[in-house]
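Shown next, in structure tokens, is the structure this report addresses.
As written, the chain order gives the labels A, B, C and D, with residue 1 at the start of each chain.
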């Protein structure tokens, strides 16, 4: 099954679906389209590839398929129906919910052979049927709650769809030289991007966060005021060619360009280029196989530390970039609000590129903001003023991770189109490189 | 020598000193008073105690005495005079300055037997004499630079004075049960504090950071606008008695109260009480020896994770505290600005308590803000908008550490009085417990 | 396919095979019977279970199937035919042969998804066909060499058959409680064994090692003289009931019973019973599923350290055992030579128990010597006097591992019957528990 | 105080001392001469150097001075007098005796500042006085026990004298380049040694171990028969010049020369020469300061793995050495017995070289056997047949370490002359390099 076989429009959340007779049909349709997409994303895999945990941060694909199902079973079916997930599956499929008891340690998911992949797929079918029944049978009193929870489960599964794509890339990459399989065939579009330019944004008191009354994550709320100073933001992402200049100028060897933690980690792990590059810096591993570096494509798979060091280096060595740095998350959000943020035309999951691609010369002012690569911001992940976690078991979803991570904005080529918003806050530790992450520059005026 | 033998007023920075005939005499006086205080702080130590690195984060006292001297030698004497520090001392006494070349790894300072303690003291005397000469000989053209650098060196040494006190506490604590020496004799004052109350602070656009034209750290600048929401702040620090309620209610066993990183670290290190407590939770090790817990004294030696978990627990279990949390650093700074911040009456280094003490019942509204304990804020350590590091070699001083640390405010019982300001930003990783750190609460209105 | 479908007699080495028209047919038959047995052993596995590396010491079953094939390809086919193993398979399937170049680190075999299991099986079929052709086509000049190498390859594959069984046990054991699959169905025989008795063996100069002119490992040679003192050896293995007395008497809590390394490792890993036991000490995981402990069956899955501590404890607390200890490997070999060693009646792989079973009351004097469990000897693994490694690439087979390991003797319920000899020297680090290892006692007279 | 100030003859054990009026005076004299020697060995140290634990295997000198005193206090004074060691000293000074309760973890001895060095010296004086009294006051009934225990304590202290010397070398070596202090001044003798030759030794049944009725370690007993095959042993130790040939031929880069464990450890620790060598392989750090390599002096500070790899390389590349290897411990002991073993002329502690020195051309057949360097044998450290540990608390002295160590024979330039015997069994893990260890070759005939 190709992704185009799935009624993509049905995966958009929040809005009425053409032809759906009522809300139940719309939710039903969104639920099943989402569930179908997860299956479609894993279908190119060999049975072996479903089981690999190529590093502690990566989960085996079977686990993503199972855990997303566990989410519906534990949070929706169990409290509302007589369904009970078998204990052995609770142990295997719980991620980090302390309220749901003992679970396999995260770094040992790849040691489990039970449940088997067919068992996971069977569990999905069973839960899907029960979810269909529940959606059909819930009366108006229970609807608001159900709608919220199913939508949350859909958004949760979309996060794991993105994870599956990035993790599959890592899983396929760890084989013998020359033995790395290709996830998709075909070549990627390229073109020469316009020179990077700067767009001025006026500071002042602004509103940030989401006031979406249908649904958003708790970490996007409450909508609140904060103050931005005047700043400029770059018209597109930093390209591979531009990043190569940093490498060739000794960027990976100069500690004065780096945050202290980044320098220590880079030394320890012998970083000398982004993740997935060959030793000779000519090719990189992609989900379309080993390929020549595209100098025009946004540099991808860089950690926060590399992004920050690049900005520092560029700021010090290039007069046209004096004072450049990474944007704060509120600068980024204001830029998206004022310069435009267009997921419908972005390089997101549904474009099936599974890679960043060069921005066309006639791009919009804030090009590549939606999709291509998550953009590191300089903001640590903290609660917004007045933040309140989701209630009940979902309380553990976001709040407890607000520590020593950096916020990324904008979505990537692995993000489902209906999942991203300009207020969306992604977050990863600063040394993370296996996500589709890139570099947007800003500077104070 | 007791601390009271040192002309304490001379250690205040920035202002003309009574009786000093000119700026040179004033700087000379501040320089030597500071240098003398470092010696006085180490004098109670046995020769053995000068050499111990009781954990990787702790430096042996000889090293603090030597490194602060290295700072003057490398940054002031070498560029201005023919003096050259011997290479073996550069290796041993450089902390983290990449521009100054190879150095002993931080966690191996305790392995060095060279330089000996007498050699370090001799180095201090030599450098002090040369600094006296240089201050006397510098003409008006070079004065501004010299004044800035000497003041920076003094402030740097004051930071290490605080470190020496906290590190000596750790060094003395690791001996056999019953064999831990006492740094100072005598008992500490105590009294029953007033019940904790809340002071409302009105939000809005405010200015933050320092505009001190004489001297401040680069991380306090530039002075800039930001927006605070309305909030309340607690009238005093959380006491030991209050924290014991958290422990007795199972606070250390409930993962739902903790940040995920904090829970993992607490499990790994078997945390069940603050640092330095005995197993039976009746006594704690202090610089005045093992003593009964003082229920009225502010709870000390807690990590950020413990401070945050305490606030979460209190918020959920005590209606009078609903919504309580740690303050942001800008909330803290505004409270200090509006409610008062009085180092001259605070429990700082010169009070020679070397421990937090109970707030008197008739305290000012923002009691214990200056001194007693550093107060964890919820803010990660980030550059202010428009931040520029110091120039030259001092560029490495602050900026490269702005990653995965939390800001603390207000100074502690180990902070020299002339070192603290309401804009002062201290920072430590969230798992740090050996600093004099405590808990201030806030809440949104 | 069940193991009984394989002509077991054909897996015996060294002797002419009934009905074989000549040596070529005999070798052909032994080769294919061995290869068939490996497939039969893995056939009960689910596709997932072929890929799991449940700890660094365990290889995934696909790897054992592939590596044994690599052995024939690299050591026999490549030097004699135009066949060349693809480089990506060399990387994945080489174990530890430095002469064969880069290879996947041992602890990362479980991260590979390439080659897939079907690719490994296809490789086996291809190599088997080529081996058939080579055996048929080799003329008399090349026969001796070929016969030696094919026999070595068969013995190598038999070692991996034993490894596969022990590793499959570990792989199946790491799933969620209650989710561990059963490798074989059915119950195991049990009976009450006779009381343990002692058989005296007279010391003196004796010959040790193998003079087998057909084939043996290099570490069994040369046959040589050495001196044994008079000793006694126990009539059977230590039972589970006897070992439980050690546990119940606090054996795991008394450091004075343990070698220092064993005590440190046991504390670090929280050992309180043999591997695979439940917390309540009532059941153990076996290849026939979770089952009640059989008090009559030999205690299994103990490390050298546990075996040694048991002997020390028994020696000190039980007058009937005063002076008991583990035997040296030469005591064991002399006992086997004089008291009898009978693989044909032992509990070996072909009995399909896959577990130790109780010795019948009317056992031979040196009961359970062949099969059931490998018996820890007190001898470190060292070369025999005059030892010479195999020539050429096989030089790396044994010699480089003669360091900090202990010798085990006698074979186990996972050892192919035609693989074991009384001179056979198995070896494992003293902390190994996942092998089928047990306790034989001896004492000096 | 120089070592020559100590009546060296008095440190010989076992025999009546000239001029001593009775056994009590002799024991008294040996006791105090030994105790005085420990002090003399530490006297060149600066106060700082007494406290350093430069790696986990090294104890600070104060600890050696204290622990040897603890031995007399716990094993002799406490059971016989009213003396009781303070608990805090028990904690600090116990090494590994489980029967004596909690103790500072071995790798944390360097973290203690209590007891101070003066306190340790005061403890020594106090215990020495009490020991004098006890020796004088013990009547004939108690004499045999006392004599055994005091002699054991003396031998124990001699082991720690050797440790102190080797540990002081390591402690002094870890300072900044150019800052390593010299323990002794002056140059070392050198001369061109004779070419290495081989001495044939006839095999057969021989006796090994000690039958000394006065005193020896439990691990040297019982005297027992074992069988040696015919062998040859080299006339002297391998020299630095000979070892340099191994290095220059790529010995550290060829895995086929190494035991698998040795290769892994060498890679992990980046071994490319013996310990203490400079990067350019021209100088080495010695207790007489940094000095040019002496090509004639025995190669020192090599691990077992390096010694074994050297022998393998030499055997394969030099026809005159074909079949050479390290000797077994029983080959070594027979060679010493038949070719001569002469501590009185050896380079031992009392020669005050503190370094290996070249063998004079006219050396005895088994030159350098006593002193210079401990000689690695290929024998793992195992109990002799019929081994019984010392009784009581001393049971823990040797037996529990008989696991994964290699035996060394002959003593070194840091071994007190009265401490060494031809039956003496030293033992260290195979990766140990900070001991004075070297290479003797043997080969089978």
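In the analysis below, contacts are C-beta pairs under 8 Å (C-beta built on N, C-alpha and C of every residue); 3 or more make two chains touch, one makes a residue touch a chain.
What you see is a predicted model; the values in this text were computed from it and never measured.
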What are the mutual neighbours of subunit A and subunit B in this structure? none
Expressed as a multiple of 5 degrees between 0 and 180, the CA superposition of subunit C onto subunit D rotates by 180
From the C-alpha centre of subunit C to that of subunit D, how far is it in Å? 39
Compute the distance, rounded to whole Å, between the mean C-alpha positions of subunit B and subunit D. 48
Round to the nearest whole Å and give the separation of the Cα centres of subunit A and subunit D. 61
Multi-chain contact residues (two or more partners), subunit B: none
Complex interface listing, subunit C residues touching subunit A: 46-54, 62, 87-89, 91-92, 104, 108, 110-117, 171-172, 174-181
Going by the contact rule at the top, pick out the subunit C residues touching subunit D in the complex. 96, 98-99, 205, 224-227, 229, 255-256, 258-263, 378-380, 382-383, 385-386, 395-396, 400-404, 430, 444
